[in-house]
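Report on one structure; see the data block that follows.
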Amino acid sequence: MKTVVVRNIPRADEAAVRRLGEFGAATVHEAMGRTGLMRPYLRPIYEGAEASGSAVTVIAHPGDNLMLHVAIEVCRPGDIMVVAMSAENSDGLFGELLATSMRAKGVRAMVIDAGCRDVKTLREMRFPVWSKAISAKGTVKATPGAVNVPAVCAGALVSPGDVIVADDDGVAVVPLAEVDKVLAAGEARLKKEEANRKRLAAGELGLDIYDLRKGLEQAGLKYVD
Amino acid sequence: MKTVVVRNIPRADEAAVRRLGEFGAATVHEAMGRTGLMRPYLRPIYEGAEASGSAVTVIAHPGDNLMLHVAIEVCRPGDIMVVAMSAENSDGLFGELLATSMRAKGVRAMVIDAGCRDVKTLREMRFPVWSKAISAKGTVKATPGAVNVPAVCAGALVSPGDVIVADDDGVAVVPLAEVDKVLAAGEARLKKEEANRKRLAAGELGLDIYDLRKGLEQAGLKYVD
Amino acid sequence: MKTVVVRNIPRADEAAVRRLGEFGAATVHEAMGRTGLMRPYLRPIYEGAEASGSAVTVIAHPGDNLMLHVAIEVCRPGDIMVVAMSAENSDGLFGELLATSMRAKGVRAMVIDAGCRDVKTLREMRFPVWSKAISAKGTVKATPGAVNVPAVCAGALVSPGDVIVADDDGVAVVPLAEVDKVLAAGEARLKKEEANRKRLAAGELGLDIYDLRKGLEQAGLKYVD
Amino acid sequence: MKTVVVRNIPRADEAAVRRLGEFGAATVHEAMGRTGLMRPYLRPIYEGAEASGSAVTVIAHPGDNLMLHVAIEVCRPGDIMVVAMSAENSDGLFGELLATSMRAKGVRAMVIDAGCRDVKTLREMRFPVWSKAISAKGTVKATPGAVNVPAVCAGALVSPGDVIVADDDGVAVVPLAEVDKVLAAGEARLKKEEANRKRLAAGELGLDIYDLRKGLEQAGLKYVD
Amino acid sequence: MKTVVVRNIPRADEAAVRRLGEFGAATVHEAMGRTGLMRPYLRPIYEGAEASGSAVTVIAHPGDNLMLHVAIEVCRPGDIMVVAMSAENSDGLFGELLATSMRAKGVRAMVIDAGCRDVKTLREMRFPVWSKAISAKGTVKATPGAVNVPAVCAGALVSPGDVIVADDDGVAVVPLAEVDKVLAAGEARLKKEEANRKRLAAGELGLDIYDLRKGLEQAGLKYVD
Amino acid sequence: MKTVVVRNIPRADEAAVRRLGEFGAATVHEAMGRTGLMRPYLRPIYEGAEASGSAVTVIAHPGDNLMLHVAIEVCRPGDIMVVAMSAENSDGLFGELLATSMRAKGVRAMVIDAGCRDVKTLREMRFPVWSKAISAKGTVKATPGAVNVPAVCAGALVSPGDVIVADDDGVAVVPLAEVDKVLAAGEARLKKEEANRKRLAAGELGLDIYDLRKGLEQAGLKYVD
């Protein structure tokens, strides 16, 4: 890994970022052909946490949050910091002092494949964090890593400037080049879901709405009383 | 596994189902001689979730929620859907559209040995779900499984019509044939616990209430200052 | 293991215990040179749980809560019971009846490297518990263990009378002999953090506050546009 | 759970048991419509371990191997002991003394949803064991459970007399009533696999042998250079 | 995810691939600045498994090995198939029939973020596999994925044509563009290690060879008797 | 944690260490009243690994093997290095160069609550290692920890000079002060086991040898045909 910091990255249009956030992680993932999710072990630190923004990527080392400090300097309002780790680690690399600094720079959220601490204060600040663990364990500031290079966080590849959409269901990553396509597919999906929701609420069955009966019969499903 | 759907199943008396629900999972498990619990990795999606009902069992495949749609058709008001998986999987097989459909049919809750999504909406709906994971990952509707055959969910055997009692402590399964016996044993246990609760609150020790001192002495336990 | 109960243990000064509790687990751990934490899989049963007190240590066996009853008798107001296990186990060794008994004796909290049940009632009682699992699974009262001997709980060594500081971030253990030193180091740390918090909130960077730029340059970190 | 021991159980024909063993766990599972496997965390204690036999089922408690001693008395030559646990536990409930006793009774193997110890000696004895863990942790002989009642072991339901087929790939359970059907389906499958093996070794592709190309095209799979 | 198969990919020079294989996973990872490893939960199916080759990447779905069949057609002698999954899954997607087909095409090894079966036969064939699990669980051939697109396998990003180096220590990925640089750095490292090995075997200490004493003193390390 | 190295530690008599090693981990653990085991996730890197020796304890940090180099200097022939970690970590802190250095100093084995690499070479050297993971991931030599202070390794407390007994079944720790008592208890246990082994091999049942029938009857165990 090169120890490098890329200062300037491309970012998506803010209106697009906001709309993707309104879709939520599940719809965005569906609109990308059921791809783009981080593993479900990343969990928000409070119920109802929601955020969308442009990814500033960080590669950090176990027990060392040096690169989070480095990364803040290149963040802009509307960004979300995404921290990948060089090895599995649950230490609390992120806490309320860093959150204070990030909020001062307009950063919207933290997604970290490691631990988080000071969660009581972070909840009071309503600073949303998706992390692998909650741990009071502190860190050093010693080993350089990288900022704004492609990184694998919780099983997903994230490039700088990709749009992050995170909520109670998890964290989705929209590649920058696919933002428009995902927006269109997401709008179509929402419209279809809204129609189906009404029919289901009225008692129609998914078996009929999605036309599943014939396939079940062909596959040999038997009904018995 | 036969790909079969059993339409009609026996169910317990509603008054019994309700009373077992008031007992809660821990008391029901004790009343069955400390058996009948699913593994504790199944967790409710919100604090205070509570449900009791008749099990409609489903065997589904990883990444495929076809059989949940199939199963809704045979559910009746008061049922709880219990989804066992043919292999370990954390995909979000269940979400708010299915919950909308199930609520329209009077289904009370979902117990699933896989993932759940749309949890923000499900919490707002107060639709109780016990799941192994929360994951935005969607599914196909492709491979037939089975409905209303005996199934192993989170380590416990569930037969169609068994009574499910689920709360913050986990999920208990009462075999249909044992409902009356469990009701009686549970009432006795509650009565005994209520008496003990008062004595403990007044400062008496469990050592004396449960008459444990003599056994400890015989087992060689030493007290030192 | 000797099956022994030590009745009298040294305890820290109550003012010190309270102040360490105000510091919280993260600050206490930092003030001890980043040591003294239990593993982060121990989690509180409700958000905002907080406690500090003197450790009464228990070594118990899987599926057996006999020694918790034994230990209550030697607890004093201000204590926290710390339960280590002789093997991995998620059974619900602790529930509301024991909590009722402990509260009657003035015990402040439970830290247990196993499962907990009756969590709905425990939350209503605001009785704080840090546990490895929530499980309705009950236990017998059969096998003697030990009370108030050194024990390893969730990876940390705890001696009787050590000060436990637990909150949303986890559980810290302050050896009795180090209480004064940790108090002093914690006060110094809080003061320094408060100053840094203001500077970070005003937009200053950690890179400058902690004087990290020169080290990064020496380590070869490159900035590119 | 009733604390009961059922002395006499039905068993499959020995020739059928042997032939199912020759099929192996994977083929048996396929021949049952891809069902009947225990979870893959059960692992053999040496490479090349293989066994088939009639299940004598045991339900035991964490840290307690009393019921294994009880079960040996009702075993017959050709049996395999299958131990389900009332809660998760990794203690070494089974070791070489019990294996010596079981071998004296003609028992062929042990399948246990808990730990195993004395593995060096067990390997020298070539006594095959599938377990969840290897652990030197010993046990008491205290709490009654059950023998030869239906039990859930590593996620699979096992009834007394079911045929167990275990090898390097895992553990399969053939319900006694399905033995003939599974034998027939397995023979057919082996014949088909043997034919396919030759064609694949000769360089033919699964795409052609299994006639997959048309479905891929319909599903929209694109080939690019 | 686009359901696409890329037929032609760039590949590294065979001499380079062989030499990287001789380095082994640990040296290659060090030569890349301590990066490029898959997570250590991927394990070889036999001790002494070793392979290096060009990555043909596959994205497959839980319980479905259709794309492995698709991918074989575009493999060339010297390739290693690398299977990433769209969600966590331990099913046995790969077994001896596919290995037979792959060997006929000159494919050297399989790296799969899921399960493997028929391991007894695979060991006899000496066909090396690194997998997340061993499981007899079979699969369907139903859902299209992708071949030869960038994929995340066991936490590492792999692009088609990257060099895979796998052995008892794990699996390393060398990006195609860095092969020459890694070769040079690896040779230098081996030379240095060889020199150090002799000095260490002769009783010299790492403290002196790596000149660590001064730093330890500055960091405040105290020696006491 | 104080960053300290204690140079001189007490050690047990070599004859005692050897005899405890012959007992093995399971017998030693039983002779200590079923205590003193590390958690079973520590596994040997080859079948048949065996070692006993005096513990030199190390506390190291994730991704950093500096203190292993420091500790070698204070090791003596017959020692076993026991590495505890300040947080969970699977990095390969230990490999063949360190093993070469340790062997030159007469150190017998490594027990490490983290990862190990170069396992192929370590197996050829027959240098026994018990570790939590196998990982090619390398480390820095940067952060001071401690040597020869009490440490918690894989859930067990180890003091410098304690006797480590490790084999295929796991790792046991005999406190220095209890060596004589454990030796005596172990000899007695071996004698009793040898007698029982013969009776069991001859077909006698544990039910009779351990006199369990009466207790089972009192506990209400029912036999049915």
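Just so it is clear, A, B, C, D, E and F label the chains in written order, and each chain counts residues from 1 on its own.
Here, a contact is a pair of C-beta atoms (placed from the backbone, for glycine too) under 8 Å apart; a residue touches a chain by one contact, two chains touch by 3 or more.
Just so you know, these numbers come straight off a predicted model, no measurement behind them.
Visitor: What chains do chain B and chain D have as common neighbours?
Guide: The common neighbours are C, E.
Visitor: Rounded to the nearest 5 degrees, how far is chain A rotated relative to chain F when their C-alpha atoms are superposed?
Guide: Best-fit rotation on C-alpha atoms: 180 degrees.
Visitor: Please decide if copies chain B and chain E contact each other with the same set of residue positions, more than half shared, or with different positions, and reply same or different.
Guide: Over half shared, hence same.
Visitor: Can you check how far apart chain B and chain F are, centre to centre, with Cα atoms defining each centre and the answer in Å?
Guide: Computed from C-alpha means, the inter-chain centre distance equals 41 Å.
Visitor: Chain A to chain E: how many Å between their CA centres?
Guide: Chain A and chain E have C-alpha centres separated by 27 Å.
Visitor: Report, in whole Å, the distance between the mean C-alpha point of chain A and the mean C-alpha point of chain B.
Guide: Centre separation, chain A to chain B: 31 Å.
Visitor: Please list all residues of chain D that touch 2 or more other chains.
Guide: Residues 2-3, 34, 86, 88, 90, 135, 137, 143.
Visitor: Mind giving me all the chain pairs that touch?
Guide: A-B, A-C, A-E, A-F, B-C, B-D, B-E, C-D, C-F, D-E, D-F, E-F
Visitor: Which residues of chain A touch chain E in the complex?
Guide: 1-3, 32-35, 39, 86, 88, 150, 152, 155-157
Visitor: Considering the complex alone, what residue numbers of chain C touch chain A?
Guide: Spelled out, the residues of chain C in touch with chain A are 24-26, 29-30, 34, 37, 40, 43, 47-48, 167-170, 172, 193, 196-197, 200-207, 210, 212, 216, 219-225.
Visitor: Would you mind writing out the residues of chain B in touch with chain A in their complex?
Guide: Where chain B meets chain A, its residues are 2-8, 46, 66, 69-70, 72-73, 90, 92, 95-98, 100-101, 103-105, 115, 117-120, 123, 133-138, 141, 143-144.
Visitor: Spell out the part of chain D that touches chain C in their complex, as residue ranges.
Guide: Residue positions touching the partner: 61-64, 86-91, 135, 137, 140, 142-143.
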